[in-house]
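Since the structure comes first, as structure tokens, the remarks are kept for the end.
Going in written order, the chains are labelled A, B, C, D and E, and every chain counts its residues from 1.
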Amino acid sequence: MNAFSEMLSRLGGVYLLPVAIALLAFVLIGAPSTWVTLTVAGLAMGMMIFLMASGLSLIFGLMDVLNFGHSAFVSFGAFIAASALAALAGWVGGESAVLNVAALILAIAAATAFGAGAGWFFERVIVKPVYKDHLRQILITIGALIVAEQLLLAIWGGAPVAVPRPRVLDGSLIIGDVAIEIYRIFAFLLGLLVYVAMHYALNRTRIGLLIRAGVENREMVEALGFRIDRLFIGVFMAGSALAAMGGAMWAGYQGLITPALGGELMILVFIVVIIGGLGSIEGSLLGAILVGLLSNYVAFLFPKLSLASNMILMMAILLWRPFGLKPAIRG
Amino acid sequence: MPGPSLHTENLTIRFGGHTAVDNVTCAFRPGELTVIVGPNGAGKTTWFNLVSGQLRPSEGRIFKDGQDITGLAPSARAKAGIGRAFQLTNLFPRLSVLENVRLAVQARQGAGPSIMRRAAALHDVRAEAARHLESARLAAVADYPAAALPHGDQRKLEVAMLVAMQPDIYMFDEPTAGMSVDEAPAILDLIAEIKKDTSKTVLLVEHKMDVVRALADRIVVLHNGELVADGKPDEVMALDIVREIYLGVGADEEAA
Amino acid sequence: MSDAILRLDDVHTDIAQYQILHGVSFDVPEGGVHVLLGRNGAGKTTTLRTIMGLWRARKGAIVFRHHDITAMPTPDIARLGIAFVPENMGIFGGLTVEENMRLATTSGQFDKDRLDRVFALFPAMEKFWAKQAFALSGGQKQMLAISRAIIEKREMILIDEPTKGLAPAIIRAMIDAFREIAAETTILLVEQNFLFARSLGRGVTVIDDGRIVHDGDMAALAADEGLQTRLLSLSLEAH
Amino acid sequence: MSDQSISDLASAPARPRRIPVGRLAVYAIALAIGLCLAFAPFLFPDVRAQEVAARICVFIVLVASYDLLIGYTGIVSFAHTMFFGLGAYGTSMALKSWGPGWDAIIIGGGAGVVAAFVLAVLIGMLSLRVKAIFFAMVTLAAASVMMVLANQLSDFTGGEDGFTYQVPRLFSPAFKLLTDADGKTLRFFDVAINGKIAAYYFVFVGSFLLFLFMMRIVASPMGTVLQAIRENELRAEAIGYRVVGYRTAIFCISAVIAALAGVLRAVWLKYVGPEVVLSFAIMIDILLMVVIGGMGTLIGAVIGVVLMSLAQFYLKDLMEVAAEATAGVPLLPELLNPDRWLLWLGVLFILLVYFFPAGIAGTLMKKGNH
Amino acid sequence: QDGPVKIALIHGLSGSPLEAFSKQTTNGFNLGLEYATGGSMEVKGRKIEVIEKDTQFKPDVARSVLAEAYGDDEVLIAVGGTSSGVTTAMLPIAAEYERILLVEPAVADSLTGPDSNRYVFKTSRNSSMDMQAQALALKPDANLSVATLAEDYAFGKDGIAAFKKALEGTGATVVAEEYVPLKTTDYTATIERLFNALKDKEGRKVVLIYVAGSGDPMGALVSADPSRYGIEISTGGHILPVLPTYKRVPGMEGAIYYYYENPKNEINDWLVKEHQDRFGSPPDFFTAGGMAAALAIVKALETAEDWETETLISTMEGMSWETPKGTMMFRPEDHQALQSMYHFKIKVDDNVDWAIPELVREIKPEEMDIPIGRNNQE
């Protein structure tokens, strides 16, 4: 038993989980083309959720702030991107592939910039007074969420908004019987890029260390001469920007968005963060991919179970590893 | 001589590769006060944690009055008569000082789950709690939230709660750490008082040599998790190994 | 006293609605160890925290060298070269010993010689170099906290009860260490352990109930048992 | 007070006991609210006020039972509406299929309560050991599964539209509770003493008893243990309290009370659907109410529920007036648009958590204490 | 009695994104009153006063504001509500107060079903109309294979059941029924299942989408390129904000409840013009519905001898009246207003923001066989 688990952990430990699930699904599904379609779709879906979840995990795990208002950033990101795309309708629908993609990137950038700015405001005004106090964090961020949703309604109205998708990213690559949405490839690549950047920042720079120390004992970090408030604003802005970026990507993917979007995704995002373990970017990635793959496979194999599958996955993982798969903070 | 009230058999705990308590077998009798000494990191607190149930041993067993209690939860051990005060003060910060002690009395009497009576109406519990506060010299601050007490008073409260549990086995983890010389006696008097009751077993982790000498019937020395010496205070303190690892070679004890 | 490195002038500090310091004034001369004594709850920790800017003085002034640091943010105070070893040690439990120490350096790089000196002083630090700090014993944490303060040269170190919970052998080693550190740095030491304080301190300030009740030479206080008894209710017989 | 230090106080031998003004004020307010509710049908005979009063009664129980968890024990659960819903659905499904009778209320409601209890035991034993935030997530997940079930099993539950049903005749407005000489419904203070009044008093008395029961719990030794667990779990365990046991117990008690509140709600409403008993919006309402009132006070639930309900039902009217009054001013009427009342509620809530973290009752109670 | 005659609009005005639709209803209702009274806002010499109440999308709140409207404000007729759940909860209140509740715009068939009551009238369409018209628009025959995609709850299941019923006897077969959970975001797996079910069939192959609130399944389907298997997509028409997503399916046919260019009649012309003038946009589903409700009320008030509830009920049973959607008629049995639907074909015009559901033909009420929910005559 011990030797076996050691061998497993040498092979990659919990990172093998998605691989195992994919293999099992391959056997159960039987049709390779369907399996490839589902797998690619699941990976891309996972990457979009990862964007939102990593933001939450950063804030949640590293700053120990439970931000129930996170979904507001997702929604705002989605709507800002939608508005930007609508404003750039000429580029979006035009023949030039460069302009197509440029429009999307501009829209995502606009959403991300908004996320960062709003994150700054949010940290200063809403969250700062309640560091260290989980309960008040939950409460005050829920209050902020109510306000944000109302603002969303006041600005964009309640009717669904159709999001134009850039022409080159529309449609699918069809290879034999396999259909891969081009937009998902784009989403996958963006998610990967963000992951690499974050991994570098947290593990290769002193900033990561400082953040982790600051979570435990703000005062001591200050007494060592670091401006923790600036650091935390930075983290919060980054987390919110990621949420908005995820929302923007989601808007393009979903095509038709309502103000309820952020709230609906939130449970999924929370599940991913919990599965992955608090504060760990690797964990968020792993959790997001697991959720993405599993929900696609289950929806194909056992459609009735598809909604419950993520919850079941979360409970199973919590029972097996009460702190998630890859928690950054132990004890 | 009565049988041991507490004994551990091959008690061992490992954290990763590090063995914090290493194969410790020893027994304690009622009416005996044992001081456990050892350099920082020797495993004293960890050994306490094993006995009171905060940690589970990797190997070995723990017996109370001959009964194996290795698998019991901390609360069950407390009920079985193993009481414990903590090295780092560990209170109910927003409850009043009186309530802190009252909870301990109530736990002993098993009145916790009752919802048929009003807590305030349990006069005997209250009166007993007040008595314990009196003897810990905390009566004046009975209504303060525990968090508002200065460090020294918090240490006293920690001890008062242990006394209120009236366990068979008292375990004190550096009860006077951080207390001023004029306050420490309050605690030491309390411990001396407990010691008079010959049905009780007292374990005490302490660094201050004067305290050790004043109270100890027996000294156990831990080093790197292992039990390296066990015996009468004078004998143990005279051992070379103890002088070397604990006091520093050629120790001039007055410096402590 | 123009050679004071730190000067407190009529400092009043409140915590929530409680007034804790009622006008604390004293000077810490440059170099050596200056001891702040007082019984439990006298306000020693509060004084140190006020100097560090972790609590704010409602009234009065704190001057370090010629900087008025009364209202300065804590990180800026730290960057003036003041290190702090708090009462609860302020260890980052989730970080390794190495990471704890690395954060205490300004550049993120260790000076090899200094590191060796720290290891010589506290061998446990070397032994547990890659261990997460929450797993250290109480005494080891205390050592780590002090190691952090001396890993680079500081102008001044504020230390709150470093001997609490330390074994005699370590305390002995620490006296030597502090002597060595004090040669290049001013130390303001808060202590309960009078014997420890006596063997190190040059000047001594005694605080009681948020007020300074004595300020003078350690030698003089050490010699005057009557004064000790009066100030600290010390009874040396107990030791 | 502020110019005295703690140690001055500590050394003062006998502190004169201060009159706890704030505490008295809180009890006075609660008493006033209680009296208003007791005579609501006569004090506020209009239809909406009666609905509001009945809702307030049930929610006081619901919120107070939630306070047992969050305020007293420090357990954050998002499954409270699930238990509320079980009680309500049990009652109403029985009423619907067996027709309006007391047996349906007792058996159906009882089944709902038992289901709530069993679920609470399961969830509690499985997951009250894990970290608080994980427990919150597990309950959130369980609650959303319940919501999905209610939607998908539409043959039994009416799906997301819910369903309506009859209640015993005693509670229908046409029932003449007291009659005068001519056999017509007796009028008292111009209020007809009909089945509606009976239904209201059924709800009121039921809620009152449940609330008293909870007051008893927190005043009992168990109440103190719960607070101890909230403050320091490890220490509570170390002095001999089985933390998991106590947590599971209070989680179950609170679930059962919530289910009973659900029964009362179902009898009053004669309609059940996810939006009235299961939705996350209600969960948020409960949270808001408990915080506004003051966590860990129980009596705060009374104040929180009343304020929040009044806001939900009347803030809009108020804003309408405000918007009209400021019609000439630029921008203001836009912001005061009555349809944006939730925005202001959110803002108010944030300010409240910010400035009165102890809630109204909690803050008041501190006044006059040391 | 010369006081105004009061009518209550009971709608969700806050607390849900659906509040946008309530505003449409309100606008339509007011326009309808204006049209029907020639701008005087009076009927039989008495002013009409409209009282608006907010249900906050909470059924319990809805009940209390409706009761308040009947009990304290003494309104003659109430109109509402926005969502089916809220409206279900309101039905018994009408019976309790013995006043008329005119349901608009909630859709569910059950609102005129067995648990409803004789005080309830309904001007809004119901799911059966949607699905039967949709089936007719498919021109079903033995050559047709359909796979359906709907959400897994009452609305979706009832809709598909109605659809299958409409196909009965046409020879068309339903080869698969896929139900996805509410709020589904990723349709990839479902699409694979739909394609697997259809791709090997002979003849015309259609995926029928009946999804109300979860993302954009049609977009996902189009992306997966169903044409490679010769599969067509069909879905009902939608409100204006959603129509831009239909630009990806030029030529698709289906049925719609209302699109402002489709009905050809005087009232609709007036509505489109006035709406454009006042609000700068064409009217939508709920505007038309709100107007139809107002027109029904005015007509009933004008023709009834007195305004006692019983008189009004007997006046309205079987009453037909003109609306922006042509003639409607309250069926005496269950008080559901029978009305036309519109078979459309999507046309894409780059100068129009949305895809245009161009009229193919009007589907008259007689062509549909809408089940009778309950019989109020018994």
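As a convention for this text, a contact is a pair of C-beta atoms (placed from the backbone, for glycine too) under 8 Å apart; a residue touches a chain by one contact, two chains touch by 3 or more.
Just so we're clear, the structure is a prediction, and the values are computed from it rather than from any experiment.
Asks: Can you tell me the least number of steps between chain B and chain E, where a step is a move to a chain it touches?
Replies: 2
Asks: How many hops, at fewest, get you from chain B to chain D via touching chains?
Replies: Minimal hop count between chain B and chain D: 1.
Asks: What is the distance, in whole Å, between the centres of chain A and chain B, each centre taken as the mean of its C-alpha atoms?
Replies: Distance between chain centres: 49 Å.
Asks: What whole-number Å value describes the gap between the mean CA coordinates of chain D and chain E?
Replies: 37
Asks: Chain C to chain D: how many Å between their CA centres?
Replies: Roughly 52 Å separates the two chain centres.
Asks: Find the geometric centre of each of chain A and chain C from their Cα atoms only, then give the gap between the two centres in Å, rounded to an integer.
Replies: 45
Asks: Could you say which residues in chain A touch two or more other chains, in rising order?
Replies: Answer for chain A, listing residues that touch two or more other chains: 307.
Asks: Which residue numbers or ranges of chain C touch two or more of the other chains?
Replies: Where chain C meets two or more other chains at a single residue, that happens at 18, 41.
Asks: Find every residue in chain D that makes contact with two or more other chains and list them.
Replies: Residues 6-7, 148, 340, 342 of chain D touch two or more partner chains.
Asks: Where on chain B does chain C make contact in their complex?
Replies: It is residues 15, 18, 37-43, 45-46, 87-88, 148, 150-153, 174, 177-185, 207, 209-210, 245-248, 251, 253-256 of chain B that touch chain C.
Asks: So in the complex, the part of chain D that touches chain B is made up of which residues?
Replies: My answer: residues 6-7, 10-13, 216-217, 219-225, 227-228, 231-232, 234-243, 246, 249, 370.
Asks: Spell out the part of chain A that touches chain C in their complex, as residue ranges.
Replies: 206, 209-210, 212-213, 215-217, 219-228, 328-331
Asks: Okay, in this complex, where on chain E does chain A touch?
Replies: 16-21, 152, 178-181, 183-186, 188-190, 192-193, 196, 213, 215-216, 219-220, 223-225, 228, 239, 241-245, 248, 354
Asks: In the complex of these two chains, what residues of chain D are touching chain A?
Replies: Within the complex, chain D contacts chain A at residues 70, 76, 126-127, 129-134, 137-138, 140-142, 144-145, 148, 284, 287-288, 291, 295, 340, 342-343, 345-347, 349-350, 353-354, 357.
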